[in-house]
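In this document, chain identifiers A, B, C and D correspond to the written order of the chains, with residue numbering beginning at 1 in each.
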């Protein structure tokens, strides 16, 4: 079996979550690599959408930002941010990818400030970016958390930047968000999580090779549910790694 | 349709379309006049201390950064900055010209958080109100539509809403809760485009970001252009005009006006320069040294180009993708 | 003096109202001919704006509708209706031209129904079209009424399609319309009217050659004010008529 | 922000963005699939009795009239029609397929009022709600934005407002009175474009009217195109795509699809044909005869073109202006 690093594995797991012939809002970093890998593996007709206007880019070369020229190279559309956000508001974007400094049991995310005070804050993070639109409008959102620990998988966010299931079942709808949307998966360096259909709580679905269920729970501050049948994620295949390294990111910008 | 909830942030600019109309009518000409000028003239004439300022686009893409450098050289201060132009915002924050910031996202995407932003906000020097990327674009869109607000279904249920200046109401047609975003009328907007004529009619290649919205949301508008073209070319393809002349106050010819950022189909971004800047930006003294060299140390975009060097710029041209 | 018909005269009067180096919303018919004539006479830099997207067209050939290809021939912009209406909402369009089946003393217009009942109506007229945006947002609106009589210059409109000064001073602002806007001139086949600064009532400013003040008043159902100094409109000049007939409408589509 | 005044008209379509989202998600594919089909297939498959229907553009300009003729041939009835497409509306009213009409302006511009509209509305056969041109475009825009309403400062103080289904509220930010227009989500939209690929990616020359808005406001969308082009051409200039494939359900190749209307840069409008139609439309029997000959009497656009004759169409091509 080929050796691989954590980032490569995260990319492969995220990539496998992307279905062919669907649209996905792609953010900078791992989602870009995952989308590019997916298009070259099982999902050649995946349609990447970038928030500043590109839809259906070839992803032959890896974009460095959500607005750069590679996000609309050989695309079918190069529009603007309003059109993209509104397209997602109208229900045309299936998947959305998110990240954050903190995530809670309902999949809510913090990318704004660390510490109890909003201003002046202890640590000022980037802000929402497009995450609110992605999380409000895409049908299924997938959060990617590179570091699974108690400071990041927290009981209470310092700031709720981006909506997951808010305070639990029915609360998205009560807040006015569109029905039948919300967090779908969380990928971390320890495992793959979903959300319980009834309680909307984060639920461990699969661990990475060599990782025990207990390890995931110990590194999570909130009470993580565990699926009846926790499986093990398959490690990257030789083919995935080859394409990732040779075609997706040959310049080693990310991996 | 009563207000159910209000964000706590201050409105850094007044969302009044009628005040905007009156201003425009009093101060802007409807005539096609030659507006070509240097960046020095444009900034001196149209940017004032205390202005609300917005720039387009995002990250390092089609960034009006040559104009931003001139604003820093002229030391326009107490700016109330909005928008998503990361390079420009980082530069203005570094030069300590910003009082308030309508923030959606300031970070360097793959390279992570902005040290300059952290210092500016954590020290309490810069006040913030938080919004999402969509919200900020829609606020410009509301202004562009000449209305005081726009309803959206984003930011609901979050602290982003709470620390914004948005309001939540019940829709009188459907009963749905919706978030009302106040229009963001700017005193001054900066946009870098591929081509413009001397009157200010502009064409952009590739994604349009929020150029349509920001240009229409600005009382005063400076455009910088990679190339100045004849008006006959504009008139041949009037559907390609994204910014018509009557919105524009100044047209500045600025080749490589987005460097170290990219310009689609023309030049790729200067990765090496950016990495150096980001490394230096971690330290206030080195940040100052960067500004000293690349901003204060040059008189204008011509000198900046010389400083960067045509060899390097030609290489960036060769790296950009085609159609 | 050259002979001319009523339509030609109306066009000349409307044309003279158009100032050089300003923007004007141009509707089908007389405003198009007037704008075209103005551009060839005293206002070469008049910028015609058409509601479906064209701005700055050459008007070398006369458009037949507000969206046809001549409305954006050699124009500086060919956009869409929203951009145009919003441009006027933001205060960028100086003049607007309107017409109607009925007009009242405050310059309000009816182009919707004739008769007391909205539905089913006695006579169904076209509807507002873009007139509401023109009349709400342009700084100065000019109404063109081809037939000046008591059925058209009425005390009470059957339907208030388009706002003039509504019920008098301050009522536009009270209704929520932008300040400092409203009817500026009315051109009819009998004369030229303005509006009293204080009362906002329609006021006769000038009569056409051979028309007496009394004739105008007799053909007006409401009480028309009369300016202290009613002048006589100058008939079309030879030059105006020549350009109108030879260059503006050589195919005699309108005149 | 309470409702100060409400228009009395019925809402002929529900302004619910969430119902629209759910419908789209259940019924439309996100995949790029070949959607080329005949007008018969497209109309049979995607237009249903009782549908709310809108067409673009205005007057005789870029009119999706070949599709409209097919709808008439297939006798789709109880339509709730909105929009500003005068030719299409007059035809549908003439064929008595319309129950309700969101009307902004139906008349023949320089040629005056529509006799067909008069008969349809004055007889009480067709119910109306009145709006302005801007209002209708903004209602599509609200739908395109995925929101239930849009605020504007138009229609205030008028009976047009009163006989619409708009509402007036006080802006919670400025205290200004504003008119709220309910979003208009269509069951079916029809747009005629210059070029499309088989997936439905479309390009339009000249003014864009409200193609952006209407295409995004429609649950189902049929585009007809003068020319079918390769997707590589679309991908070369992605900024020229005004309607992306995912909005589109059917692509119909329809040369001269706007005749007797015009198509900028391709053919001028058929003045003689229009004048004859308008003259005949004054009389119900002659109107029927017109439909018998030009609509029911032909099977499809091919036959229509033969009926009009290539000589005449070539003449119209020669009469259109260039760039």
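The definition used in the following text is that a contact is a pair of C-beta atoms (placed from the backbone, for glycine too) under 8 Å apart; a residue touches a chain by one contact, two chains touch by 3 or more.
Everything quoted here is computed from the prediction, not taken from an experiment.
S.K.: Any idea whether A-B or B-C has more C-beta pairs in contact?
M.R.: Output for the comparison: A-B.
S.K.: Measuring between mean CA coordinates, which chain is farthest from chain C?
M.R.: So the farthest one, by centre of C-alpha atoms, is A.
S.K.: Between chain A and chain B, what distance separates the C-alpha centroids? Give it in angstrom.
M.R.: That gives a centre separation of 28 Å.
S.K.: Taking the mean of the CA coordinates per chain, how far is chain B from chain C in Å?
M.R.: Comparing mean C-alpha positions, chain C is 39 Å from chain B.
S.K.: Between chain A and chain C, what's the gap in Å when you average each chain's C-alpha atoms?
M.R.: 57
S.K.: Averaged over CA atoms, how far is the centre of chain B from the centre of chain D? Could you give it in whole Å?
M.R.: Their C-alpha centroids are separated by 36 Å.
S.K.: Identify all positions of chain A at which a residue touches two or more other chains, and write them in rising order.
M.R.: Expected reply: 54, 72, 78-79, 82, 89, 137, 178.
S.K.: What are the residue numbers in chain B that touch two or more other chains?
M.R.: If we look for residues of chain B contacting two or more partner chains, we find 17-18, 145-147, 152-153, 176, 178, 206-208, 212, 236, 238-239.
S.K.: Report the residues of chain D in contact with chain B in the complex, numbered from low to high.
M.R.: On the chain D side, the touching residues are 1-3, 11, 14-18, 145-153, 167, 169, 171-174, 176, 178, 180, 182, 204-208, 236-239, 323.
S.K.: Can you list the chain A residues touching chain D in their complex?
M.R.: Result: residues 21-23, 45, 47, 54-56, 72, 74-79, 82-83, 86-87, 89-92, 94, 137, 139, 178-180 of chain A touch chain D.
S.K.: Residue numbers of chain C touching chain D in their complex, please.
M.R.: Listed in rising order, the residues are 28-29, 51-54, 61, 64-73, 78-82, 85, 89, 108, 112, 118-133, 136-137, 159-163, 166, 171-172, 175-178, 253-254.
S.K.: Which residues of chain B touch chain A in the complex?
M.R.: Chain B reaches chain A through residues 57-62, 103-107, 109-110, 113-114, 117-118, 121-124, 127-128, 130-135, 137-138, 141, 152-160, 163, 168, 176-179, 206-213, 262, 264-265, 268-269, 271, 320-321.
S.K.: Could you pull out which chain B residues touch chain C in their complex?
M.R.: Touch residues, chain B against chain C: 17-18, 20-22, 24-25, 28-32, 144-147, 199, 201, 212, 216, 231, 234-236, 238-239, 241, 244-247.
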